[in-house]
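Look at the two complexes coming up: chain A is in both, with chain B in one and chain C in the other.
So, the complex of A and B:
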């Protein structure tokens, strides 16, 4: 009864708010049988687009347990290949269709499965999601590299001109075809998953791979088949949607899938028929808003953000899975707590490097570095939240935006950092309260919806960050912080201070509670950890730090604008931080410096299409590293250096040497960059091979703590990567 | 697959991408490209009258033999890749042309480029870079530039805060274009300087309503469409709409569209055109949306629209992407049509030197001509060694009624007022543009500058 009530209250609240909004924005269009029929005719094609994407998301999740953020990007790549074949190479339309849907898409599916997805399947939910975000980013990079964004790629819709007239509205043949294919796809996928042996095998493999294997089902084969089906679905969606998207841009095609999340979640990622109902609800809501409501300038973004508002509502209203109990748990003791000596040493190193850069770098580079350090502070907020508490939150820049606004509102001076942090902490807790019952994938998607909706409807307001705001002076005890050199030193100090505070928090009882909650919420609750309070407080802590970071960002730029906090950029930042090791306070700095490095590479060292695409490709490819080392590269390399300092030095030296040789030879920027990248990757491979061969199983008496490299060895010896544990993927690799 | 093998696959993938990147680079070069810091001329030469001059390095970006200018433009924005590549191409071509003719102030022009990526932070970095390395910014096209303080606070070689002269193609936000050292040929939006918020008085030109009155024979009513991607851009559009409405173009409805809207979302919009019987559609958003709207309007049998007026469609990419659906599109352009190159030597030189023929390219080329005029004025006043930013700013401030040798409508670059002069071109069935208004070749129509007092955040209803 209480459960039902707790679900009903938000629904009633949402319904009330919707009623008020409709009342306030009613355009006066009469509600008649004809207008309602028109609503249906307008809404069905929109719903079909969402449905075909949602079907792909559901089928992949049902068969592999992975929520594929890259579904739209796979469709985008296939649509571009379709254009290449049918328009550029002038192959017959049918042949292009057959080649893309029957050859390219299945091959892509198998490749993705072998290289990435099969290994992501047993990773924690956060990593699985981030892995597909990385894939999306990488595919966008590939597309931009191959198909110059400066050209247009028109694809004609399938079917002839004309259509059927219903209630005075013409439904074109191409949309009729889309609707038919969408319905056909639904029936086919439903039959496949529910009625065939293959479908049963797929579901069995997701539920329990061991048991499925005992019954003669090959998990590897099933995984490949699932990705083949997923890719074919994505390709079909891509080709159907491409003519509907204005300029077939890489970005629009890849991100359109986000609007289908609500539909997919409506079916709880399990039911295709419910996902279709969800798509219909989303499509009709969107059309209703366009047809019957009028929004003034500041709320003009409401209709286009309805799918994500609905996602928010669906996630909050859906019943959540019970906490897993009675299952084995494997925990990686990866993040060693740094000793005081280590903390002080690295703090001094960071200060020294900052000082050196301040002395020798150009103002442009100093500006980028200052901006980078501010981003690092924002990401630092994600360390306790995502790294220690294990809560997947993909909207760091939305929180930073709050801090930025508060700092600007308060004048932008140094003391406003504290005010910005405090205000953002409160906002973070308020935002988190309704979402505290969510976990795993639901929380991650909820944060994506929050980032987009908050950015489009709140931060866009002219009084907040919609109109650009400036900071004219910035001074602290007589030091002019508008000088980029001074600002860099100031930003580094803020970062160090917050990092030291966080390290102290991690050492304390509160930090241990967070880690306990990450490892097992049930176990933590059993030993007296108050989960709701702990979750709310860690959101608050993350908000404080991210808010300070946001304030620092606008102080460095000396202006605030909504464009400084885009959702997709936030996703790539989180991805980079996870690759570096989100449980460590050094990872945010490393991730942020990567953005500085790429910006400098693209602008100064090696401008050109390759490096421009590398900005997108690199974080995507880095996901592969994430699979090998779930807790990130920094813990692994720290371990490597600790155990084998000389080998680590050789590793780092490879990249540096390649850079020096390239500079000495005076190679063109692009070639030099390529050489350095190849040398670094080769060095990484060699180091890993050498390390893997040299590494032995840990001392059985455990006189020394087990390091990350040894964890990999243990996994390898025990074949843990190929023998799935009999537990849900959420807890398998912890 | 084991770990080393996975990493080898990354290596292989990287190698393939390198090859792909090389191919791409070649293709881009063929299209005009956006390479940075390329020499503007293969065979530098100096005018004969400079032979007896002893040239000195007089300012940041001015050496004894070169003048460095920087063009900062949104060429690699993820949201709109290649958007302002024309600006870069035009400035490089202009520099090449000047250098081939003997240079400017007895020096060769070197062009540095900066991709501002439609990102406020990179736009700011672009300004910092220009201040550090260039004598002036020429042909800047940065849509997301939110702040001009790096230009305003820029110090010259002597350490004085003179500011960095910036010749922009267009300005969107008052916080940026109100900067004292920024100059515009295609007037900034109608927001007042200094930047204000809430209810305020904005200005707009009546040129479009004058054309509509001429073309339709009197008052009309229609649909106004603007880009709803950001609330900030709505302000400038709504003021222009209101000025047009006050001048006889009644507003049936306003619609906000987003770049990512699908064609299916345009069906109800097309149906509403039919319902209102709109006689015109004024399109103030990126052109891909207009193609979608026109295709949907054709499908839904909308026949009331007599004029499709679009501000962003005078672009070969629009003609190619729209195909037959684009016929009848009318565009107000602030420069002579490219098709009239034979009637104007400046336009003739532009069209033969620059491959990309669009608004940004034309205005960036005109910026080059403005820079040339100002530098020549400085040389006339202070000699070839009088090239300082302060002198250049004084010269730019003194330029009145500039028209780039008749290539653009007459304007005062320092006035910070919305542009009022346009030529209207119409796209024919065969995909070629023809002058629609005024009829006489090489002429512009200049409307009046009217003002409206509104709060743009609430004035839009759509």
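So, the complex of A and C:
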């Protein structure tokens, strides 16, 4: 009953709001047979492109269990290759099309599968979710490297000008071609999945890969086929949608796929035909909005965000899944709690480095560092939410934006941090409430949709952050915080304070409950943990911290604007934090400092396409590397560090050496301090790696459970002629 | 005549066309040990899931200590004194053994203000002989020990009714005997009511006061171990007469 109610209430609300919006924005176009026909003429080609993308998403997800956030980015790369061939190299259009769709895309699919996806399939849940986000960001980095954002990349529509006239409007030849290609692809896909042996095998593998393997169906072939289908659909949709976009940009092309997410979720990522229905709904409602409604002024962003609003609605309407039992979901280890000594030591180190930098660094670098520490505070909010409770939330900057707004609204002074934190906490809980019953992927998708919609429709408003707001002066007990030195110290203090609070929280009963809930929701519920309350409160906690971070960010910049909180940047920040180890409170600082380093590289030291693409490429690729070390860099090195006999000596030694070199080269003070810290850390890492090699540590990361299929393959490798009659109890129990 | 602690009345669960439970009724009196037996797929775990609140029954009623809890969430049933272990292990793998038990003991504070979680955990750790591994991560322990951790976590919530889903599988002969002794003590001396699903027949028959046999989602026999052992349905299911062999 309550379950039905909780699903119905948001739906009724949304329907009501939609009704009001449609009523208020009605453009006055009469609804006649002719205008409705026009709706179809314009809407169907768009819907067809969404349908192709959605089908690809469904096939890949149902065959491999991976939701491909990078689907759009694959399409983007293929569209750029199409541009390269057809415009830059002046090949005939049809040849370029065939080359990209029949050669490049399948190759890309197989490569992705072999290099990455097969391993990702067995990675912990959070990795499976974030892995393809990493791939998306990395592909965007590659594209930026090859096709500089400074140039323009127009794609000509396929087919000549003119077309067929229907109901007073022209269905252009390019749209006719679009309809033909997408229809052909849909038929081919249907035949492949329903009629061929491989297609049937693909459906069998969804249910039980090991069983399918025992029956002689190769899971690797199935997975490759799925990724080929995924890439081909992405490429087709990318190339077909490019002329509609006009001038292609890396980001817009990669994110367009989000429109298809709603369509794919219509079929709950299982049914291709329902996904087609979804695509029709999305495509037609977009066209409907463009044709019959007018959105002006502040609401100009509504039509383009309609698919995301639909995605929201679809996700919220998903039925409550039963609590999963049997541990099919595998999580990654959470860090052991740091000792008091460790916490105090590193807090002092951080203060000391901050102090040194404040003494020696230039104002530009100090400004960037202050900004970086504010980002670190925002990311700190993700530690309890993602790291401990295991809830994938990819919109940290949306929460930060709330904090920024509240702080600016209240004047921007130091005490407004608390107000910003409290308000953001409340907003986070309110936003999370309807989504709390969602798990894993749905939550991740919901957060992406939230980030985009919230950014475009709420933060964009002139009263919120659409118009730049300034903070004139900032002081605390007589200390002038507009001085970047003072601000850095202040920001570091805020970070430390919050980190200490979080460590205390993790050590207490509440922190244990969060981890328990992540490890097994069903067991947590059965010992009396209130799941909804625990999830809502951890959103609140994340909101408080991220809100304070957002307020800090605008205090440091002394202005606030919507541009400070872009969605993709938020994604890369989350990825970087995961690379560092999102279960630790030090990871946000390390991740933020990486972005400071990249910013310095791009803006001061080596401006150019390489470094600017590195900003995306590095976190993206690093996340992919995480598959092999899901705990992240910091915990891994911390483990090795603990075992290193002469860690103190190495740290101090490399640091002193670097200081001498810096003095000898006459480097400016700030750079020298950064260099010393980097050198000391690098020296330590190298030393621990050398030590670890010498110790020949056994691989502690046997993450893949051994199933019957693996036993057979091991037997095969060992050339044991037959499978033992009875598998050991330990193996079969899995 | 004492009142039932758990009363399951005419519970049915349907998954599509499959009847996992078909009009199952069951009464469990306080302080007793009830053994649930039956072939694989007979509906034993589904029944536990219904009692624990993880699976909503299609029809029927579940009462705990006289209160209708059919629509209660698992966490609310836990606060009424229900605890369980799982057939497929559900330990909090990345927490230490002590922390696993603490989570149980700490949520108990919600309905029993005066408890001191660490004292409870110390007590349970000693009882189950887990003192030596209390700092180990639960994931890294052998299956048998993980089962004990689950039992410990359940006991730490201070339950009145404990559901053990194959709690003794993965234990060796000696450990099984210890487990039986422990359960007997808990039932006799502390009045804990226990329902257990187990495939080890001597274990169930030796330990239980009442045995209930399920097959194809229906109760086919119930009574004392001796009565059930001699019933025709049990003979048919376990010795393989024509119709019921195999189960669903």
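Operating definition for what follows: the second predicted complex is superposed on the first by the 615 of 734 C-alpha atoms of A that agree within 3 Å, B and C clash if a C-alpha of one lies under 4 Å from a C-alpha of the other, contacts with A are read in each partner's own complex, and residues count from 1 in each chain.
In the analysis below, contacts are C-beta pairs under 8 Å (C-beta built on N, C-alpha and C of every residue); 3 or more make two chains touch, one makes a residue touch a chain.
All values reported here derive from a predicted model rather than from experimental measurement.
Asker: Would you sort A:286 into first (chain B), second (chain C), both or neither based on which partner it touches?
Answerer: Once the two structures are laid over each other on A, A:286 reaches chain B alone.
Asker: With both complexes overlaid on chain A, does A:513 touch chain B (first), chain C (second), both or neither?
Answerer: second
Asker: For A:84, select first, second, both or neither according to whether it touches chain B, chain C, the two together, or no partner.
Answerer: Neither partner.
Asker: Just checking: does A:483 make contact with chain B only, chain C only, both, or neither of them? Give me first, second, both or neither.
Answerer: A:483: touches no partner chain.
Asker: Touch test for A:531: chain B only (first), chain C only (second), both, or neither?
Answerer: The answer is second: A:531 touches chain C but not chain B.
Asker: Once chain A of both complexes is superposed, is A:523 in touch with chain B (first), chain C (second), both, or neither?
Answerer: Touch partner of A:523: chain C, not chain B.
Asker: Determine, for the superposed model, which of the two partners chain B and chain C contacts more residues of chain A.
Answerer: Larger number of chain A residues touched: B.
Asker: Please write out, lowest number first, the residues of chain A touched by both chain B and chain C across the two complexes.
Answerer: On chain A, the chain B and chain C contacts do not overlap at all.
Asker: Under the touch definition given earlier, write down the residues of chain A that touch chain C in their complex.
Answerer: Checking each residue of chain A against chain C gives 1, 322-323, 325-327, 331-334, 509, 512-513, 515-516, 518-520, 522-531, 729-730, 733.
Asker: For chain B, which residues are in contact with chain A within the complex?
Answerer: Interface residues on the chain B side: 1, 3-4, 6-11, 13-15, 17-18, 20-22, 24-25, 27-28, 31, 35-36, 76, 78-79, 81-82, 85, 113-115, 118-122, 124-125, 128-129, 131-132, 144, 146-147, 149, 153, 173, 175-176, 195, 197, 228, 230-232, 234-235, 238, 256, 258-265, 267-269, 271, 286, 288-289, 291-292, 299-301, 317, 320-321, 323, 456-462.
Asker: Within the complex, which stretch of chain A touches chain B?
Answerer: So the residues of chain A touching chain B come out as 38, 41-42, 45-46, 48-49, 114-115, 119, 142, 144-146, 148-150, 152, 154, 163, 168-170, 172, 175, 241, 243-247, 249, 251-252, 255-256, 286-287, 290-291, 294-298, 300-301, 304, 362-364, 367-368, 371, 460-463, 466-468, 470, 472, 482, 484, 557-559, 561-564, 568, 599, 602-603, 607-610, 612-613, 616-617, 621, 624, 627-628, 670, 674, 677-678, 681-682, 684-685, 688-689, 692, 712.
Asker: Okay, in this complex, where on chain C does chain A touch?
Answerer: Residue positions touching the partner: 49, 52-55, 71, 73-75, 78-79, 82-84, 86, 88-95, 99-100, 102-104, 106-108, 110-111, 117, 137, 139, 143, 150, 153-154, 156-157, 170.
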